[in-house]
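Naming follows writing order (A, B and C), and every chain is counted from residue 1.
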Amino acid sequence: MSFVDIQALRKRFGPVAALDGVDLTVERGSRTVVVGPSGCGKTTLLRLIAGFEAPDAGRIVIGGDTMAEGVTAMPAHKRNIGIVAQDGCLFPHLTVAGNIVFGMTEEQSVRRARAAELMEMVGLERSMLSRRPDELSGGQQQRVALARALARKPRLMLLDEPFSALDTGLRAATRKAVGDVLKAEGIATLLVTHDQSEALGFADQLAVMRSGRLVQSGRPRDVYSRPADPATAAFLGEAVILRAELKDGHAHCVLGHLPVSAYGSSAGQGMIMLRPEQINVAEQESTASEGAIRGRVVETGFRGSTCDVRIVLRDDENVVLNVEVASSMDLALGQEIYLNVTGEAHVFG
Amino acid sequence: MTSFADSKPLSLPLPRFRSGTRGTFVLAIVIAFLALLPLGFVFWATAVTGWEAASQLIFRPRVGELMTNTLLLVLFTVPLATLLATALAWLTERSDLPFARIWSALCVAPLAIPAFVHSYAWIGMWPGFHGLPAGIAISVTAYFPFLYLPISATLRLLDPALEDQAASLGLSDTAVFRRVVLPQLRLPILGGGLLVGLHLLAEYGLYAMIRFDTFTTAIVDQFQSTYNGVAANMLALVLVLCCLVLLGFDAGLRGSRRYARIGSGVARRPRKISLGRWRYVSVLLPLAAIAFALGVPAITLSHWLIAGGAEIWRMDEIGLALSQTLVICVVGGIATTLAALPIAWLSVRRPSRKSRIIEGCYYLASSMPGVVVALALVTVTVRVALPLYQTVATIVIAYVIMFLPRALVSLRASIAQVPAELEQAAASLGRSPVNALWSTTVRLAAPGAAAAVALSSLGIMNELTATQMLAPNGTRTLAMAFWALTSEIDYAGAAPYALLMVLFSLPMTALLHHQSKKISGR
Amino acid sequence: MKTSFLLAGVAPAFSILAFSVLAFSTPASAQVADSLTIYNAQHEGLTKEWVDAFTEETGIVVTIRNGGDMEIANQIVQEGANSPADVFLTENSPAMALVDGEGLFEPLEKATLDQVPEQFRPANGHWTGIAARSTVFAYDKTKLTEDKLPKSLLDLAKPEWKGRWAASPSGADFQAIVGALLQLKGEEATAAWLKGMKENFTSIRGNSTAMKAVNAGQFEGAVIYHYYYFGDQAKTGENSKNVSLHYFKNQDPGAFVSISGGGILASSKHKQQAQAFLKWVAGKGGQKILRDGSSFEYAVGKDEASNKALVPLADLQAPKVEPAELNNAKVTDMLTAAGIL
């Protein structure tokens, strides 16, 4: 049995079904990321697991203990689940030390030693223990929040968009630091975020939510390249979605005859997806692969190392592709180019 | 401002701008001196009296009695009122108490009833009720809204995520309240408690009516026996020292820290805690509080209004008292607001150590009881500024001193909400500076100014001692008439005046309630 | 640039103040030629009855400032020559004596003085008595029988009266009684009595309130003046239904009859109207209001009858006290020293 086992979880707020039957499992010591647009119910899922709210129906079992079944739920303070919120949620009336030992019941000296140890673990100076939260930077606050949540050695750690308030550079560093600490401690982690790149980079298991339902879960790479539907595909990154005729293990579309991963029973008309990185752009026909498709540049956007290029196909000007090319390739508006597809196209079931 | 060597001189060069700020400073300082007049007067009076005579008047058993009374009153009333207000605020804001919104409005409504009308109502119901127990009971019911308002507003603003966080760290609901909610209520409790404490020290009518002697009642007694006598001044000195001790106590507890919400984002609406089977039992607390704070006055007033019949509605006298009261309320309210304007503007747009010190002076001055302010102004006008003696001007100055912080709080909040950039934007669109200011800050801060006038007027409406001592000949405000009639135990005749004071205070109290809701965005 | 607005904004504040000064600083009496300003320490109701009738008769408009005897007397002394007051009316004579002592009164017309017998006015003719009131011990008749009543005011300082009686020492009425005691028995005896009083009595603000407390059974008796009882009886009687009055008589200090006074300020700019007013009050018109009105104070005019409900003034066996020589400054000092004020 999985470490966390969630079955048919439902929760309504008035007329809105925030969770509409969610099933999810998390393995011991693993990192699961729940990703979805805002309002998809991912925060509600987290709050139900934490015990801040009781579900309307369904079950939550963690480490063999039932946390919630139907409308009966164990109160949050008895669950021993750590949580780090979006803005750290440090107690403004306590010092850093006061925050870290807040949930500890051990005697003073043990708490003091543990606070110092945790500060080191999350990469902060011990001298900061006497500071007030408002004297810390955002990243430091998040680290203190993590230390506070770790102080009670929780069986599960919930991270509620804890990095979203941080600057881009700081975000990656803090994410890595938090991830490393949790891995070292062997604590199963559930991260909730609306940032797909964060989700893809952090997760052992990626779970995509939309409109209160779990749409798909699996290894990040699998979900990215084989999304369950066009919306999921678009949510996880730029996607080229085309109509195609499926025949003989190939998809026949405006970009030519493409090999497909699998298309099961849905022979005939279907929808396929390519990621932009599967599309190569060449300026000369001679440097393009065989069977290249001709297109024309209609818009370019310089982004430093890369360049966003919008292309229409010569044979069908209604088909517009957004691709990324190395900025060393200096494309002019209206320039004719040649397109090749590598890898397999994904067929939506 | 960039200027080019060959361009024409600017019509508004920088130096003039600076000197203008200085002008506002000078104005603010002048008003601060005015406000500190009572304090200066008390110390001056002591110096003139000489230490020997002063100590004879101060260190005597009677002062000891008054000190004991006053101390016990403060020590019992403030904690009890805090307890009551916190419980009521928690029930109305954070629990599923039935009709919470109605209770919340009712918890503020007692402010519309002048303190002395509260005791009038209580002794109408229980004629023998007197002394310290009566003082404590009536003070708690009359003044708990001063604590309820800030505590409930803060409870609404508290980030519920902190409480969730504490629960995830293993704290039960009670422990969360004790270790997370309560510490964050420290500032509103201190602020409200200080306000209640200062009212306890300054109030005359409430205690005079229930035979409970405090420094203020003793000073008024002395004043009425000797008019500007030395003994009254010495009692005033002790009273002022009590106020200063209270202020110091508050400053010490408050510390220099503010508890701001850290981080960003909009706070989630707080979770209402289910009271379960206690849900209906809990109604008893607000019910009892409101029964005493509103029910008792309502019953006594209607009793006397019915018993008095049509006879007590002597419309000529009542009409005159009402019109005089409204005039001083409006003139006093506007003057107070205007006097608060320089410092309000400075503290928002030009905050500095200097502006904070000036602001402190106003708060210090307003903590002086009305009787001390009046004593000071009587002495000063009689001796130094006789043309001002017994004029509306003097009474208005007294109101400015006493109620300036009320106006300041509203004004500052509303000026702060108007970004200074708006003025610049208006100027860049071709408005002249005054016009730019008029069309932006003034327009947008106008509701705040209106609230400032209303809040000061509410204080003026219920003011008794200073008005009695300073008002021009022939003045008879609602409060004065009410007091004169109750002194003659004509309780029925006094009822219409009490009713009018309550009726005219109610809209302002409603405004107060509305503002506290608006500030917390709900 | 914002400053100019501010200056523009604050300027009205001061113009309002300035306006107020102009509009109100000049005494009301100066605004209307034929008008009077009365500093009134008498009961507001009685003075209003007088003023309304007087205005109706003469057309002279009257502005009233109300206050306590000593409050206003001391106020007049502080105001000195600049006092806006024309007439000063009191409940008791010490306040008159205080103002007279400072030489602030205008001598009254002989015609006014002639209306009042000599024992009710000072020999110098600077003010006159306008009404009188008798000290009484108002007691709870459900608790005290006549044999248990104090024989003398002095008895109330004895230990057996501890906690049983009330008075209103912050009022001029009671201070006048202490003043009489001081004049009759001397400083030592008065100080001793006040010491006993401090032990025994309960301080209540206002004589009506004291009587009401006796009626409600809170105290067995209170030292007040007679007319509070009659006034209440004439209305509903609800604050005096258990109360009876005990007159000390026998020239006891407790049988002291206090004189309400009226005088004209030497600084008055309306002396003619002021003289007319006092002549009217001490004469038929004013005294008739004492007899027929709701004040129940004794009339003091020659051959003027008091209200029929009252014990006749002649039967009160009041001690002989010189009203002009009651020393209130001394009394308040002694009350303060005794810890009563």
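Please note the rule applied: a residue touches a chain if its C-beta (ideal position, glycine included) is under 8 Å from a C-beta of that chain, and two chains touch if they have at least 3 such contacts.
If you want to know which protein each chain is, UniProt gives these names: A = ABC transporter ATP-binding protein; B = Iron ABC transporter permease.
These figures come from a predicted structure and were not determined experimentally.
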| item | value |
| --- | --- |
| Chain nearest the overall Cα centroid | B |
| From subunit C, the most remote chain by mean C-alpha position | A |
| B-C or A-B, whichever has more C-beta pairs in contact | B-C |
| Separation of subunit A from subunit C, taking each centre as the mean of its C-alpha atoms, in whole Å | 88 |
| Distance between the centres, which are taken as Cα means, of subunit C and subunit B (Iron ABC transporter permease), whole angstrom | 36 |
| Centroid distance [mean C-alpha coordinates] between subunit B (Iron ABC transporter permease) and subunit A, Å | 53 |
| Touching residues on subunit B (Iron ABC transporter permease), where the partner in the complex is subunit A | 159, 161-162, 164-173, 175-176, 179-180, 183-184, 186, 257, 259-265, 271 |
| Residue ranges of subunit C in contact with subunit B (Iron ABC transporter permease) within the complex | 1-10, 12-13, 16-18, 20-21, 23-25, 27-28, 37, 43-45, 63-68, 70-75, 77-79, 82, 84, 170-172, 175, 202-206, 208-209, 212-213, 216-218, 232, 239, 329, 332, 335-337, 339-341 |
| Partner subunit C, residues of subunit B (Iron ABC transporter permease) touching it in the complex | 12, 17, 20-21, 23-24, 27, 57, 60-62, 65, 127-128, 130, 208-209, 211, 213, 217-218, 221-229, 231, 331, 334-335, 338-339, 341-342, 345, 349, 378, 382, 386-393, 396-397, 423, 427, 433-434, 436-438, 441-442, 472-474, 476, 484, 487-489 |
| Residues of subunit A that touch subunit B (Iron ABC transporter permease) when the two form their complex | 47, 50-52, 75-83, 85-94, 102-103, 105, 132-134, 138, 141, 148-149, 151-152, 165 |
